[in-house]
């Protein structure tokens, strides 16, 4: 335990509609990733690695998967006597018509921030998968002139998503405004655009002051918008993150982020850096590779059994790939089974899916087939139905 | 019932593998350490208080066991306690034998006032329900129940053999008999009525002090005093992994899909303390067959009929065959490993060869470094 | 750890309006009790003492105090590898107009029950403060003919609350119906009435079957009502609890339950039995009694400082009673301060209240004065205002 | 920085109080054990890895410390480890002195590769920021920094005294000098650069093996080799509680409302492992003045200028004055306890008397039973 210099807020209310049906019963933050993790493991680990022990999690509408995964926060050393994980329940937007609920919205933040006794607060979501050094961010902030520091990454103009939020930077490299990346000028030096990672660092007392001011005004402005407003009225320091980062905002970006992990360089950058990624631990047996197994370029979780062929795929815990089955360019989540002679290509199988013997299921890189949690496809006609729908 | 796991021995027959660690902390089966089997059996049997007696290189064992939470054994008024030698106002307490180790820890056992004490060894691979054995012990009104394994008459010459009457009462104990009269081999698993055992131990150490070992001293004394002593037969997979050969053999058996240990059975899980590691990465140059691999591994070479434990790296062009690789070992490029056990954190440099035979398993020790990696790595 | 024979459900959705303002920001279940506890400690301890390690908590509207208190359940040995505390978020009644929410209501219960792999389930609330032996209840149930066992206590007719729910028992001492105690016949043998403790035990598979049936019917019936219905259509075994029990349903009953703890016999029966009561632990210094302290017939938490006079009162952690202050027949919660020369009698002070020097605040046994959380009364005119309101 | 707490001694000067427990596990101040102060100081100073070296009656100390979570010291890659004697392939490792105990645990320390090692004693009552001392150590480019307490010249004759130059560099160390040249008494608190200390220890044990004790052997060696050794003055409450008299005295000082230890200061909390107990019950026949009482206590008698620890019962008509009662003690009716320390789980029967004087404190030992309770109880 150390003295608490920083606390953190993880806001799991992130847009998830474009990720349906994978987000039918979970927020973006608990989407499984890279054969082992949930997206929220990345901010939680970044926080833990910066010796932060007090974290407030603002829960999204479907919060059960968050509670099940985070629990006491032990996996991230967050269950100490002076820190802890504090969760704040979801409140529907319509409920903010009621002034008492608006008051409570700010009270939740204020109570947490005051109790944390911290000097600084780090604010993040979970959909920007990265391995950020929050201690370095703090040092940068302490050496910078503005009350807020915002984090960005440089994305080559060619590959930048035109709709994604980017920074408008001034000559001193300070953030003066936000805009869709397509409306932000390319930086000529390296042909990149500064894409926002929606992570911020500020003094705790500054944020308390800010929230109290809005609370007293009676207006309802959510924290992320509030920080936006503050930055656009004044300006913010811009901290560049240079490691691997993927923004998970729809099915193709989710698929691509997982496939990225089959690139050794990206895999090591994200998962084998000095800053370990922690997650809830499970007791599973080793994964068994049968005599006839044929596995190349794949990630596998423990507890699996592989009798068939795997190429360029990401398998989570307890996946069973039967004899003569082929799994190519696919993501197969925990507890799923692929039957004898089945052929699965460009498919995302959520937890507990079953693809029966000899079933052919072939999507494309741009539009992978998604099987929602617990889908069972026993024969080809059932497969066709899924493809139609 | 309280359990005492005797995890004390140096395990010199495991040679280089136990130079810096106690035998029960030796890795097994890719994701386990040997003591996980006894601890998980306790947890699954509802035995919530466990003393682990050790006096040899305890650091790794301590770090592994911690407070027992990994096995569900960290409850209030229960838990796992590692018991090492200590001094008291009567002098220093070193452990001289299995029974003596219990004698030295009477104060610990009495903290929990158990009616029964279960004595276990920390170096056996098996799944056993101690609650069922206790039910048998109670039903027989036994003072001592000894867990026994039916073996072939030929094997019986290598074990301590219990000769029983028709009620399973033990009437004679013979250590490695030339002409065995029974095939019931002692597994080194005992349930004692605690007050009786304590009386025998205290009496002995206040007089001749000869009660050092359970097999040699305590069982003969029980028999000669007509204490009701019964044999409880265990039918299932059981393996003593006290030698390099048997450790390798047990790992190879573990690889068999129909291994009777049935590690995948979720109603009797074997728990362990694991770090959260990235998933295993099988690259485009790998070949993996008849093998078990766990998280944190990186495989760019060929792995055939072998076990890779956590965080093992295998470089391109390397071949690993009929071998067991312990956690955090690093295997370079173009290495050949055949019929071998490679210890924790060992490093096998590029082009290295570690080749044994089925009868003479090659061993690379804990943190041992053979050869070196090429510059470009 | 043992094999899991039983799981438990604690439903914290209990009527709390009559306990306002003490329940403004907490459910009945987290009301402080007896200088040290929260009401929910009693069911949690009963559960833990019966070696139950899997508990589902159905959260009430204000759930933060529950989450803060229960956390991972470590204090009750509920943070084991095979068990755990599972919380289910509050859903407003109006939201059950939506069939999807109704479906989810049952799904919450069913998921929990199926995952528990238990054979029996114990169902309870928190407002009946008691120290029940759930293992004995299980043995009784196993030896009884009906699928549900309900728990009651015998209350002398003279002292029974006429509105409280009681059992209608048949000749075999089985529950056939429920009614307000005033409408239930007195048992002539001992002039008592069998008052329901709203605790039930049943087979898990039976409850799963029951819930699935209602779920499929599309109707919305909450679990407590569902069990009521089942018992009235068939019948239930009646298990009598004979230890101390208080039902906290309004301010006088809450006040009286606390005062009961100053009776040595009741104190020992509830708090010093074979079955310990566990609660979240706090590091506090010892309580200091000054040379001029004058304390009789009182319970005190740690971390306090007493310079004045205490009679027949219950003080929680970190309470400061200044010189010449008098605290009589009162409940003073954590962090409250009573100033120099103040006189406090028949008062319930919620957390962090301050009564200033020389202030007189005198209620009655029937209607104690209640100071809501954080109230500060600096002088007598402020006190009069509180008394008026 | 890694801390090593030397908790080894039997503390024979505490007599009956340490017959069955190590000195650092002795209760203090109603809610603490002596070692809580060193452990809490570590936690508050951000020293997250702590080895507790002990070899005497470790059961209670182990049960108290568990995994260190009570002090916020149970993090990954850190934590509290109790270090007891053990055997290695080089033989048995008993601890012969303070420096020897560190030598025997080099393998443990090296697991964490610390740059600095903080050596502490487990039997001092004080609040100290070791982080500030480390900052001083770094600023002075010291090889060793010794925590010192300015005492009166008269007291100086009873301590190890550090004579310093104008830069606070230690130029001479005198054990209990008759004519002290300085008033800087060693507190037994050291910060060492680990690699240097390790070299001194390893060199010594590969040759003459004389580096047994820090005060007697290591500091003189450092001074004679011109290692930069500095004194760091501590200003605050500090008490060695190694004798009955000083333990009683420290408890009585703890009772003073203006005690400089300031136990209520929430910015530097003293943590402990406590059970959740009912609140204290003060009955209608009690009188309590100038005293500290904690949860689980039941008081029906008079308590004046005394400390009652957890779960102490005091019957009607009894008087407890100028005394410290340890956890779970039971005091019957009409008992007189005056200038005394009553040990854990002791029982004083009805009408009993335990009366000492300010210079000769009466002691009732751990679990000692004096007299008996009346039938009606």
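As written, the chains take the letters A, B, C and D, and residue 1 is the first residue of each chain.
Everything that follows uses one rule, which is that a contact is a pair of C-beta atoms (placed from the backbone, for glycine too) under 8 Å apart; a residue touches a chain by one contact, two chains touch by 3 or more.
Values in this document were obtained by computation on a predicted structure and should not be read as measured data.
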Centroid-based (C-alpha) most distant chain relative to chain C: B
Pair exhibiting more inter-chain C-beta contacts, A-B or A-D: A-B
Mean-CA-position distance for chain C and chain A (Å): 39
Chain centre separation (chain B, chain C; CA means) in Å: 47
Touching two or more other chains - residue numbers and ranges from chain A: 81, 278, 283
Where chain B touches two or more other chains, by residue: 271
Residue ranges of chain D touching chain C (in the complex, touch as defined): 29-31, 257, 263-264, 269-272, 274-284, 286, 288-295, 303, 307
Complex interface listing, chain D residues touching chain B: 10, 19-20, 54-59, 62-63, 66-67, 79, 81, 84-89, 92, 94, 107-108, 111
In the complex with chain D, residue positions of chain C that touch it: 34-36, 75, 264, 267, 271-272, 276-281, 283-293, 295-303, 310, 314-316
Complex interface listing, chain B residues touching chain C: 43-44, 46, 48, 69-76, 271
Contact set on chain A toward chain D in their complex: 1-3, 77, 80-82, 278
